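Chain lettering (A, B and C) follows the sequence in which the chains are written, and residue indices restart at 1 in each chain.
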């Protein structure tokens, strides 16, 4: 059986890649993708912890399901906002959305 | 049912009634606003006289005490605790008297936004009375900080050219000191488990090195208010920019909150630190006396001169208080009253002149005695009183302070050196120099400026404003015993308690 | 869980149940309300809040848990719910006329507000990290939309975009932290986390990192430095009525979660977390107050001030691990949140009264400090309310802000951090400078301020300002109430 640390390292790496994406990319869509990577890292963590630590209980699995359900809801709202911005300005680049001091 | 309201609560919050009435006036009802404020303040003064009548000078303890639990949950032990004793009774009277006179002095001087002016003024009176009467540290702090707001408004709205700068400087300076005091109050509240001042004083038991820090924290707030050199730099700005009535109250009462604070809190709560630090405080006081006098002499602006003279006079008060003997402390308290009367009167006088000529530059005047003889005569009396001429009030206070500090300066005394007295006496001479110089520049010699020839002498209202102060100047000067009798029992008890605590604390 | 169990549990959280159902129904009812009469929706929403408020208060004193310990109804949750419901009511009061005159009156506004309040109430009652996460999203997602509701105003949608991105980013941290805590202790329930920690055998480094990441995630929500960068932009860009609501509600909810999680589940980690909290509180107070000095836009200034106040409340959290102070930590934070709520609404109501729209789709005006010149003479009541709010923010008696700060400082000193208390006091001194500047403009400069005379705005400004003063004088019942709201494991 693969040791849990492999999963955890993988999840941590995924989280950091997502974090890097959020911080480095200027396009709002790309930032959102970065955030999604972070959330997926969380799910990997949750599932692996569940499998290795408390397989007899269901809470880890449930949590993971809740996370992606809520993330989907969040993305729906987020994309709506993006579209609204894009319609008016023709861009969703964080550099160009600078009416307010960022 | 008992509908009796205790006198101290009544006197403190009576101005609120005037404020409520004022709120219902229209902004253009200026005369009504003035009368409402004047009548309110006169009634408040009347109540304070009634308190004086009830006051028993032989009793050294707090009298007419109100002590109602206020916030007593979650480990808090805060009460609405007011009381008056010999240390504060005169200050109460001074506050109510000066407030009435100041309101009278604004009759023509303040034309703009009269209603708001009066509201802030009465709020200020409430705050000041609360400061002198509160015997619970939390309550005291509430009143103490509260007085900042109306004074800030008075300077900032009705002041001179640089009023906003002066107002903010006043606010921030004072608040800077207060926050240190707040830390100390919190410390006392947490570790001594009460905010009740007499209880704290009786409890004692604060180790000497902590007393030292707490003394400094409280002292920072009070020293800024007094103001003691080198923390005085807000005072000239505030005084020069404030409207006349504001200056009168600022000099007459607000500064006394600082000296009163030292007397009530530092001496009572931290006796060991007080004894140990007395020479240092006295040194600062003496520097203040000389510095204030020297800088006064250099001023062209009459109001600034009076402002700096306050630094000098308050130095005397501090020297007297920290002589820590009966004459010194009594002289200090009396000098607080004297300074309120004399400097208050001086600010009123300067204000009257400013109202006529719209300048306070000494060079713009000269020979006014010929034009305004009554005004000149009254000014002379006030100037002589401020100088400490025997027979007038200033002499009694300053003499007692010098006697006290001399006694404390003898070998084995708390000050430990007679130099304090010697230098302070030099300050009296300097005071004579700058005050007479000012008087000469304003009143003597020929009338040099044409526009001064047509100045009208002071009118009945203005005489009425000054008259009570002039009467007090003579009364205290010729027969000070009634005033000293009021405080002596409390002062002796305070000093005895300090003696005991200090002897017990110093091995 | 059978249907009967479900009903029993729903009954246990009746205020939340009612409010959720009411919000859903209102969403439908709103379809039948004509566009020019959206005041009815506002009224209905307020009615729902009042019913929930009455229910919350009638059930005060009951301590119970529901949904297998996912939710705890206790004094803490009750106190916070009252804060949320009051800020909801005030949020509707300041929004009503503002939305009409800005041309953004939509029924959804009030419905979203209700959903957000449901999220906040759940947040304060959540006793399980999964529940905290759900509540966090339930309160945040409506706020993302609300921030952008003034579309097509460009600053509003920009605020929505930024708020969304940062909010989602923060949830990522929160979730990762939660996952680590789950991995370390095998559970997401606060009770089990603490029992697992005390009985030993948990991976402490996972737990500490997890707690730290949870702190980061919630730190974004309550806007503590260094997780505050979104605050000024979002507060400035969002419609002012939304900002007012979010500045109070979202912050209070974030602190509710922080308090519950830390005080209940993480006291064993106090050794590691206290220095972090200390630094966060200190930096937040310093940076928030110092940057606020430079602001000329009142909304931006209040945004930095709200950051600074997050720092003050954070102070209370620093000694959370000391058993004898923990009760004071919770009570003083709650008390300060209440003071902050009333003060904020007084200030924001005045801000909204002075804001005016320059036309369809254009930016708003009336938000710079100069626009407040002469307010003291033209609108004495509003100016007085604003002055009270400013004094309360500084902490000058007799205001609730002073009493609240006094309590916070006492907690901090009792916990043994006099240095932090000194920083708090010094930064208050700094803050006096910029708060007083508003007073300077209102009273000491002449001008012709453009002011809306709208009854609900006036009412909110004056009622909250009077509350700030009067409640500070008669604060014993409030202290009593706050100190009963201690957090205990049921």
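Here is the rule we use: a residue touches a chain if its C-beta (ideal position, glycine included) is under 8 Å from a C-beta of that chain, and two chains touch if they have at least 3 such contacts.
In this text, all values refer to a predicted model and were calculated from it rather than measured experimentally.
Q: Of the chains present, which has its C-alpha mean closest to the combined C-alpha mean?
A: The most central chain here turns out to be C.
Q: Select, from all pairs of chains, the pair with the highest number of C-beta pairs in contact.
A: A-C
Q: Quick check: how many Å separate the C-alpha centres of chain A and chain B?
A: About 65 Å separates the centre of chain A from that of chain B.
Q: Roughly how many whole angstrom separate the Cα centroids of chain A and chain C?
A: That gives a centre separation of 26 Å.
Q: Give, as an integer number of Å, the spacing between the C-alpha centres of chain C and chain B.
A: 44
Q: Among the residues of chain A, pick out those that touch two or more other chains and give their numbers.
A: Counting only residues that touch two or more other chains, chain A contributes none.
Q: Okay, in this complex, where on chain C does chain A touch?
A: 130, 133-134, 137, 141, 144-145, 148, 151-152, 154-155, 157-162, 164-165, 168-169, 171-173, 175-176, 178-180, 182-183, 186-188, 229, 232-233, 236-237
Q: Looking at the complex, which residues from chain C come into contact with chain B?
A: So the residues of chain C touching chain B come out as 327-328, 331, 376-377, 380, 391, 396-398, 402, 406, 409-410, 413-414, 418, 421-422, 425-426, 428-429, 432-433, 436, 439-440, 443-444, 475-476, 479-480, 482-483.
Q: If we count contacts the way the header does, which residues on chain B are in touch with chain C in the complex?
A: 27, 70-76, 113, 116, 138, 141-143, 145-146, 148-149, 152-153, 156-157, 163-164, 167-168, 171-172, 175-176, 179-180, 182-183, 186-187, 189-190
Q: Can you check the complex and tell me which residues of chain A touch chain C?
A: Answer in residue numbers: 8, 11, 15, 18-19, 22, 28, 31-32, 35, 38-39, 41-42, 45-46, 49, 53-54, 57, 59-60, 62-63, 66-67, 70, 73-74, 77-78, 81-82, 84-85, 88-89, 92, 94, 97, 99-102.
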